[in-house]
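Multiple structures are listed underneath, in structure tokens.
The two complexes that follow have subunit A in common; it is paired with subunit B in the first and with subunit C in the second.
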Partner chain A sequence: MTGFPSFAVFLKILINGVLVGCMYGVAAIGLSLIFGCMEIVFIAQGAVMILGAYCIYWMFTLTSIDPFFGFLLILPVFLAFGWLMYTGLFQRVAKAGKNPSLLLAFGLMVLLEHVMSLVWSPNTRTVATSYSALALGLGSINISFTRLMVSLLALITTGLVFLFLKKTMLGKAVRGVSEDMRAAALLGISPIWVSAATFSIGIALAGIAGVATSITYPFDPYFGFLFSLKALIAVAFGGLGSVEGALLGGVILGVLESLSSYTISAGWADAVAYVAFLIVLILRPRGLLGRSVEKI
Partner chain B sequence: MENHLLEVRNVDIFYGDAQAVWDVSFYVDKEKIIALVGANGAGKSTLLNAISSFNPLRKGGIFFSGKSTAKLKPEEVATMGISHVPEGRRLFSRLTVLENLELGAYPANTRPFLKESLNRAFDLFPLLRKRAHQAAGTLSGGEQQMLAIARALMARPILLMLDEPSLGLAPILVRRLFETIEALNKSGVTILLVEQNIPQTLKIADYAYVLQTGTLRMEGRGENLISDPNFQQAFLGVMRAST
Partner chain C sequence: MIGKVLSMRNSGYFVGLILIGFCVTYPFIVDAEASYLVYFLFLTFIYVTLAQGWNLVAGYTGQVSLGQHAFFGIGCYMTAITWRAGWTGYLDPLAMLMSGIGAALVAIVIGLPLLAKLRGDYFALGTLGLGEILRVICINGGGLTGGAVGIGIESSAYKSMSPYYFIALLIALIALASLWLIMRSNIGLALVAIREDEMAAAANGIGVLKYKIFAFAVGAFITALCGSLHAYYIFHIHPAGVYSLNWAITPILMTILGGTGTFWGPILGAFILAGAFELANIWMPELHPIFSGAFIILVTLFLPDGIVSFFAGHRRGILRKLSLFNWIVQKT
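== the complex of A and B ==
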């Protein structure tokens, strides 16, 4: 118990929470897109993320490629990975209904976790770059450089996804298919093609969140599940199908955790997050910026 | 083979184990207005959905410009030149009017004409231009029907299929709607119209097919049907069933 923080400390906690929350937000946007378009609860999002983190780890330790540069290499690979995952697995299973695809996602998560622990061992890894310990002073407040970079990355990513959905034909088709798949097909829009594109983007977003994790947190192969849960909570906070809501949900979650781990104790951070999740579900099941959840 | 634009030949359609359409045949010729009329549950929408490849056929075949659509997906039928305005319009209510229209021209073969098609849509329904940046869900019923038709026209269809476009519209709007349909037809679009509003439909239709509980009961030119005592009897039955 540390009691109530002073203003400067409070500000630091707030900023830290926002920075961490941006990462939750990116993973949550991916989940939200995949759910909105295909009604698949992609619980393996966290595991895919950790896979991204290990890719960065490998590139960094084996060839000392900088994580931020490695990110550019990972992006196309994860887009392709998402495409294959949809066309090879989920497209077939999605026809059978929501539960089979949830089970498939769960199985995929377990498989990924165990493959990762075979390849990289279950030990906790970190990516320690020359600038990992760097902190920027802002008056009396210190902000971690990597966290700042990561949240910038998250904001840029969110902005790009937002522009994609609003400005491109494919993005508009994604929104159209999310709303009414049959009506979209009647206009000559292939729901399968659009779903595959959405899935790719969702997986790429998991990859980006993985890059972010690798440079800000120690991670192990099983760390992802918790992250999937956090991303789901962020989606529920923000409202399903809303990109800006998912980011906001992530930020709220990050701030809540950061505040409660300072004022109560770190062990309580998760409990506070889950309680907040329950309260949101009870009082505002559509999420804070949400539209309807009726179709679930 | 005859040169019908669309030919539906001896089709049986099932929903699961329940048969909805029995051995129905009809055809649509180029630049005509053809009507499918009948009460609720007569199988009209089922037939349109079968043409759009949503409902598989148990028997028979559907041919567009002489080509079978049996193996095509709905989105492939749409890109062949058939635009289907489904029952209830099914607009993307969270997308803006403009975005709805843009998606109408999504397929690669129609996208190059997007600008042109947009202007044409706005000329046809000037009100939509004013509402362009409004979410489609905020439009009134009449405006939504305009948008649904405009969206279907964005694909520059050869055949436009309208499923109960007059449903839920005020009488004055229904009259305007039928005028629009006639005008579209004069501009060269072939129309397959499904309606329960029989008197108005028969006035504009070149030829009509009357369906009852999944079977074809009668067919003929609009004016002939109206004066046919058999039709009048069935038609009165239809009126009773639909009220």
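== the complex of A and C ==
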């Protein structure tokens, strides 16, 4: 027990929580999009994320490409990866219901984790750039430069995904399919095509989260599952299938974790997050920003 | 005559009896300490039990739980704590029973809010948090749970492999028998009705919550029995090991692989998956987990309804579903 923090410390904890939470948010948006379209919890999201982190690691250590530039290279690759994954695997079992898709995602997670541990060894890796240790002073508060950049990245990404969903034709189709697949199909939207697009965007978002992880955290091949869980909690906070809710959920989770690890202890932080998660689930099962209309 | 005895209806019983007979006599034929197959069967019996525990909750009742490892861990801890305190002995049936009942009570207490409020995916997410919360509690439990190091118990009590083998077999048979009886009673009918359409079941006078909690508690009881035996076998339990999500995921995979909501599916799935894992482990230890992942993906791609559906044929499965539906309609 450290007691209640003073205002400056409180602010610092809050900012730190928001910065970490933005990262959870990006992973959660991908999860949320995939859930909206395919109705499955894509459990391999974390493993895909770590794959992204390793790609950045390789680029950085072999050719010393800056992670923020490497990000631009990773994006199209992961979009294509997601597209292939959907058309090659998930589309084939989509008709058989949810269980096979879930199983497929799990198999993919196991496969990815172990391929990564074979290729890059199970040792913990870090991407140490010249600006990794840089901190920005803001009065008495120090903000880590990489974390700030990462959360900016997260905000921009969320904004782009949001605009894509609201303004573009394809985005509207995505929303239509996630609301009612049959009605969308009746209006001439191809659910397969839209699902493939959504899935690849979800995978690309996992890649972005991976870039963010690589420069802020040390990581190993099995680190991703924990992140999948956290992203899942963030999604549930915001309500399954909602984009802005997922980001908000991520931020709430980040703040909650950093507050509880300061006021109680780091060991209990996970439990506090899960208990809050259960309470939200029970009291507001549609999430904090959830729609009141029930899906049929 | 032989044709009649071996008709489709009876062949299941025969195969079952022959398999049980083989399992009972096998440790007497070979040296139980040295035989790899005895160890493998011991492990597989535990997995069969765990898979059937999940099958009852998710396969028959339709409540997809991702938190079975919580009950497994409770079983482990209750057994280890009572043994360390000197209340129970080595391989004590009382301790195992108490672990099972304790887990069932926890399942009732937790199931009351979760099962009443959460449906479908939300229930799955809620139960996922359960195991994680318990893991953190055990890490921070101080002297009672031994913190992150866990509880080590006297491994000098170990004498031979055979008692483990037979207890695992007994637990598996108890689980199978109770599942068989439940599914052939009115309770089983109610559970399947809840899975198919909760609203319609409630409209027909089924106390939905009561039956869901019953299935959840029985599933927890069965799972905790395995946890208890695991504690006796491993002699040192620690939070990361017994609350590992693997204890929830592997049985789920086995059930889906064999066929969810079928009696034989989880048994078949457990044997095939455990066998595949062990063989891969022997022949290519380096590549074993990669093989396992690829195996899961391949089976899902080509047999999405489980292996049992491959034998039963899709047509018969649909016919059976229809007749069951008719039966429920007539009955209620």
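Going forward, the second predicted complex is superposed on the first by the 290 of 296 C-alpha atoms of A that agree within 3 Å, B and C clash if a C-alpha of one lies under 4 Å from a C-alpha of the other, contacts with A are read in each partner's own complex, and residues count from 1 in each chain.
Definition applied: a contact is a pair of C-beta atoms (placed from the backbone, for glycine too) under 8 Å apart; a residue touches a chain by one contact, two chains touch by 3 or more.
What you see is a predicted model, and the numbers here were worked out from it, not measured in a lab.
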Partner chain(s) touched by A:Leu253 [first = subunit B, second = subunit C, both, neither]: neither
Touched partner set for A:Ala173, first subunit B, second subunit C, both or neither: first
Subunit B versus subunit C as contact partner of A:Leu229, first or second or both or neither: second
Which of subunit B and subunit C A:Ala183 touches, first, second, both or neither: first
Which of subunit B and subunit C A:Met149 touches, first, second, both or neither: neither
Residues on subunit A engaged by subunit C in the complex (per definition of touch): 35, 39, 41, 89, 92-93, 96-97, 99-100, 103-104, 106-115, 118, 225, 229, 232-233, 236, 240, 265, 267-268, 270-271, 274-275, 277-278, 281-282, 285
Subunit A contact footprint on subunit C (complex, rising order): 113-114, 117-119, 121-122, 124-126, 128-129, 132-133, 136-137, 139-140, 245, 249, 253, 256-257, 260, 286-287, 289-290, 292-297, 300-301, 304-305
Residues on subunit B engaged by subunit A in the complex (per definition of touch): 52, 54, 73-76, 78-79, 83-84, 86, 90-95, 99, 102-104, 106-107, 110-111, 151-152, 155
Subunit A residues within the subunit B interface of the complex: 169, 172-173, 175-176, 179-180, 182-191, 291
